[in-house]
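Two complexes are shown next, each including chain A; its partner changes from chain B in the first to chain C in the second.
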Partner chain A sequence: MSLAAEAFVSQMAAAEPWPENATLYQPLKDDQILLSDHASSLSVQAYLRMCGLPVQVVCRANAEYMSPSGQWCRNWALGYFAGHSLSDALDDVQRAEMKAYMELVYNMLLSAELYLQWCDDATAVEISRPRYSSPYSWPLGKILAYQKQWEVRRKMNAIGWGGKTLEQVYEDVSQCCQALSQRLGTQPYFFNKQYVFCLPSCPCCLYGHVAAMADRLLKSNLTYFLNQQRDYLACLKLIHQRKAGHCCGVCKT
Partner chain B sequence: MAAAMELRCWGGDWGLPSVHTDSLVVLAYAKFSGAKLTVSPVDWTWKTLTAAVPELVCGDSVVQGPTQILNFLRKRRLNADYELTARQGADTMAYIALLEEKLRPALLHTFWVDAENYSNLTRPWFASRSPFPLNFFIPSRLASVALARILVTKGEGLLHRISEVEGKIYSDAKECLNLLSYRLGTANYFFDNSPTSLDAFVFGFLAPLHKAELASSPLQSHLRQLDNLTRFCDNILAAHFSADKPCPLPPVQQTMDANLQKLTQLVNKESNLIEKMDDNLRSSPQHKPHRPDAKASLSSSKSSTPA
Partner chain C sequence: MGTVHARSLDPLPMHGPELGVQADDIEAPEIEQQPRQEVLENKDVVVQRVHIDGLGRTKEDLLSYEIAEVFRAKNLIDVMRRSHEARQKLLRLGIFRKVEVVIDTSRGEDALPNGLDVTFEVTELRRLTGSYNTMVGNNEGSMVLGLKLPNALGRAEKLTFQFSYGTKETSYGLSFFKPQPGNFERNVSVNAYKVTGQFPWSSLRETDRGVSTELSFPLWKTNQTLKWEGVWRELGSLGQTASFAIREESGHSLKSSLSHAMVIDTRNSSILPRKGGLLKIHQELAGYTGGDASFLKEDFEIQLNKSLIWDSVLSGSLWGGLLLPIGDKPTCIADRFYLGGPTSIRGFSMYSMGPQSEGDYLGGEAYWAGGLHLYTPLPFRPGRGGFGDLFRTHFFLNAGNLCNLNYGEGPRAHLKKLAECIRWSYGLGIVLRLGNIARLELNYCIPMGVQSGDRICDGFQFGAGIRFL
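Showing the complex of A and B:
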């Protein structure tokens, strides 16, 4: 379909109200889901709760294959919600900064998570491959796990991360966290003192990644960097408190 | 006494010190930070095959890649970002990530994948700058690396085609250019009045697009309508790369005119819609029955127009 037609279809879809039975599918929480998927899922949940849109989270073993694009969480969070114009309250320069910081989060944190999961041999053998293949029987699970690892390594090589060492990746994550902490400063939110519609998806993505890193399997490696950024963690806690019932639901996931 | 530093990079043309984006970033930063580099173009040497361009050689150390080279120079107190605040440093990282993610794929496509540009400009240029017999396969190797990079980072699975991602990458790139234009405004540089590493990166990405004689490029046309970005590139060339004595930059007085505002608004709208449709169209099967008639009529009536 041409771009113009697709844009027209999107406009029509944008006019529809948010469905009551909207469902977010994610991989199985206890056995299968990996750090990066968990982070993406938390980001979307935070975004939806901040918008006040109800969503039901359902775990499925084949969640990854439901999305044709493979980037289900990211594009969803960015632009799907017509009528919930999160960026309208920002001026042009702020919108530019917001998009830039979102790319920083995806570029740096997501790439680091993928690297640690699949390019670090120890983690891949002990955690990632067993978890990824857990819903499937042998030999399908093994094949899928190796295929996923091959895909991620290919992507890391393409973006120039293939030659990096673990220490270099940690250094990059540390710099990224410092940059985000500097940007946040002592304000409650990234772009405004107010809540919700002045609050674009950037902090939601961030919250997702930080909460996932603080909570999950690679505690010893990545939470070290988070603990260095005390201001930043304190501000995230403020987000939790402000949203009370909304975010408490997210924290429990 | 500091060891001499030698930079290996692709040579210059089209009024630029180098036609290669990453090499241009390093050259610009070296000018801004006052680093004394010996520039050794790899043109017509076997280093076109063996070297990972750009490459900085200092004594026994060899550093590759623009980010690593800039870090290396900073550690040697050649720091163009010295006067930035911590917040501005954070903004720099964010904008560089934006450039890498949104603009680089479209630039790679424009120069290396677009058939007309590749066969008329890029391939002849790189073939003419490579020694025999490398001139037969260096351009095609660089082109396949570029295509792989686009598909792996922007594609949607193992069996993907470039035509499916073209529209998205060009609309992302146009949006990125708009955002840079808004951020720059009427200033000469992105932070205050002195150039920093962000200016080097933006210059490295935009200058080849601005100066190359491309046969067909909607992205170049879009850039040329953003006067402040083209003026930014020309100012840096005049002030830092001109053979004459660098002259002080003229004060900028004009604001963006109404046409420009309209242009950037239109592209923003287009890119927002395309982001939404990107997932709308690939929504899960239970949503598809809602609009079967609309889709069928649209696909027959609208013609395909890649960005």
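Showing the complex of A and C:
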């Protein structure tokens, strides 16, 4: 969960020019990375690319442990965003609103991702545990995967998600998406059109989480859930187009 | 018929590896003068019976090996000598608080006129012993609790548990030790532990959870140890300012290694020896029994001591080591060698030389270090014959190097690399011997050959440790 997005925070104070060799470390893409990490990684990449900041993505099996604070890119995204001079473009109300939406995304979508990964037994057994333990040799991989699962389950219990069923979680996600669709309405941007590229962190974190989730859910034959979210998918497509237009199609789904 | 009381000759000579007997556990026997009624010295005698009184948990078959020699005695002096040896062997098992020997003439119907009975009066250690210490060091205070079953199953097996609760870290270890009956030097031990260490010179925090099995046995003049160890290592950076090189090493790894150690030790004391030498060779092969880490590690230690006039001793030592990664993976920071500090190359800060990144020392894959000491008694010899004998003054000259090798280059290039940029230092200081396990040093050091990036300690340096260059 803790992507080493901070790897480049250490190389960069908000006021300093963006370093040329900024690198994002993420778990191994083919064998190891899980939905939630993938989502976080996509969020950061989308944000940076829409800002026009070059970043190189490197896969490391120990990416999770490389961040000294154990925090992940959320804090980084907000921090950098706040320090960015372009954030003046929004007024206070809009900024607060945007923060609220970002919180919604993080609290709801990220928790749902974690729930699906570790609390749903079928997914945990078939996907999460084998993938999480893949870089390690026996019996370390098993120990680490169980440790992780236990940790996440404890966290889920703490936020009151422990007793939820899979259907309830889908329902929550669905509501969250509806809220976002409503905010979006028929306009193509979440906030001021003019500044969509200046302040894209909200759509980007959304993009990351929703795209990653859509990807995985489609694979799990859970398309019914997304079919209900047509508006939202339309929004996603827009972000895709914008991204593609702006940064030469660096992100593909 | 006469009665002779023979008591042991000296309090307690203890040799060999950790035997678990603390000097305080054993009471020094008083020498008593018994009036002799008959001179038996030159008479031939037969040891008819050996009794052991005071046994509770201890199994008798274990002791029969230790006392077998007593039966072979031919005259009284021999009986006394062999009984004394048997007593020492019994004490070395680490299961008795006190052993006394009583030699008496045989009684009863089948008693021979020259028959003797030897009785060992033993007092067993308690079933469970405990200890409690507090320690301060490394910017951390800790409380150490120890529990020991000195004679767990009745055949000198020892079960030890240690728990250290610190302000920052918690460590514990459980170990089971079993000697072969009749051959104490041949023993097996099994350990399980969790140890956490903080290494500020590398901004690194390491937690090891592991199990190991060890087999020790003497072979000719050497002591051999074979060991298998499986450790789950968790590395993390210590604080937010750790360099990126350290953060790249963070995470989990599993090491499973087979190692072999050989020791020849002819020194008269391990801390401030006057004569004798030490040769220690250690090799470790990781990766063939599973785990993520694969490497071959070799290192050695040589020490030679020579007595000179006026109780002074000249001592020379040489260390060296090589770490060869096997396969494509680079070596892990936890496996590499470190050099420098008040117990290796004096005048340099603890483990603060060689390859580094942003002030964090990364260790090297090859090293050597040499030291030459001249130990003399304190000037004017205050406290001679007592407290003063724990101290020595010494003049030293240390040198060494630590670097990484490019293994494609061949041995000539390696030697060249190890021979250039040599760090060295000289100085003088005072050494205090602490028991027979550790020593303290206060030295005035002058570091030379300092390379950029090395951290030095110019002037007074204080150090404590159990391994010394």
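In this section, the second predicted complex is superposed on the first by the 215 of 253 C-alpha atoms of A that agree within 3 Å, B and C clash if a C-alpha of one lies under 4 Å from a C-alpha of the other, contacts with A are read in each partner's own complex, and residues count from 1 in each chain.
One rule holds for everything that comes next: contacts are C-beta pairs under 8 Å (C-beta built on N, C-alpha and C of every residue); 3 or more make two chains touch, one makes a residue touch a chain.
Just so we're clear, the structure is a prediction, and the values are computed from it rather than from any experiment.
**Q** Just checking: does A:Ile143 make contact with chain B only, chain C only, both, or neither of them? Give me first, second, both or neither.
**A** Once the two structures are laid over each other on A, A:Ile143 reaches chain C alone.
**Q** Which partner does A:Tyr115 contact after superposing on A: first (chain B), second (chain C), both, neither?
**A** A:Tyr115 contacts neither chain B nor chain C.
**Q** Name the contact category of A:Arg95: first (chain B only), second (chain C only), both, or neither.
**A** So A:Arg95 only meets chain B here.
**Q** Please work out whether A:Cys176 is in contact with chain B alone, chain C alone, both, or neither, and reply first, second, both or neither.
**A** In the superposition, A:Cys176 contacts chain B only.
**Q** Going by the contact rule set out at the top, does A:Tyr132 touch chain B (first), chain C (second), both, or neither?
**A** Neither partner.
**Q** Check whether chain B or chain C contacts more residues of chain A in the superposed model.
**A** The partner that reaches more residues of chain A in the superposed model: B.
**Q** I'd like to check the shared interface: which positions of chain A are touched by both chain B and chain C across the two complexes?
**A** Touching chain B in the first complex and chain C in the second, residues 4, 7, 10, 66-69 of chain A appear in both lists.
**Q** Within the complex, which stretch of chain B touches chain A?
**A** 65, 86-87, 89-91, 93-95, 97-98, 100-102, 148-149, 152-153, 156-158, 167, 171, 175, 179-180, 182-183, 185, 270, 272-282, 284, 291, 294-295, 298-299, 301-307
**Q** Note which residues of chain A are touching chain C in the complex, please.
**A** The touching residues are 4, 7, 10, 60-62, 64-69, 136-140, 143-144.
**Q** Please output the residues of chain A touching chain B within their complex, sorted ascending.
**A** 1-14, 66-72, 75-76, 78-80, 82, 92-93, 95-97, 99-101, 103-104, 106-108, 151, 154-155, 158-160, 175-176, 178-180, 182-183, 185
**Q** Can you name the residues of chain C that touch chain A in the complex?
**A** 232, 235-237, 239-240, 242, 244, 247-248, 250-254, 290-292
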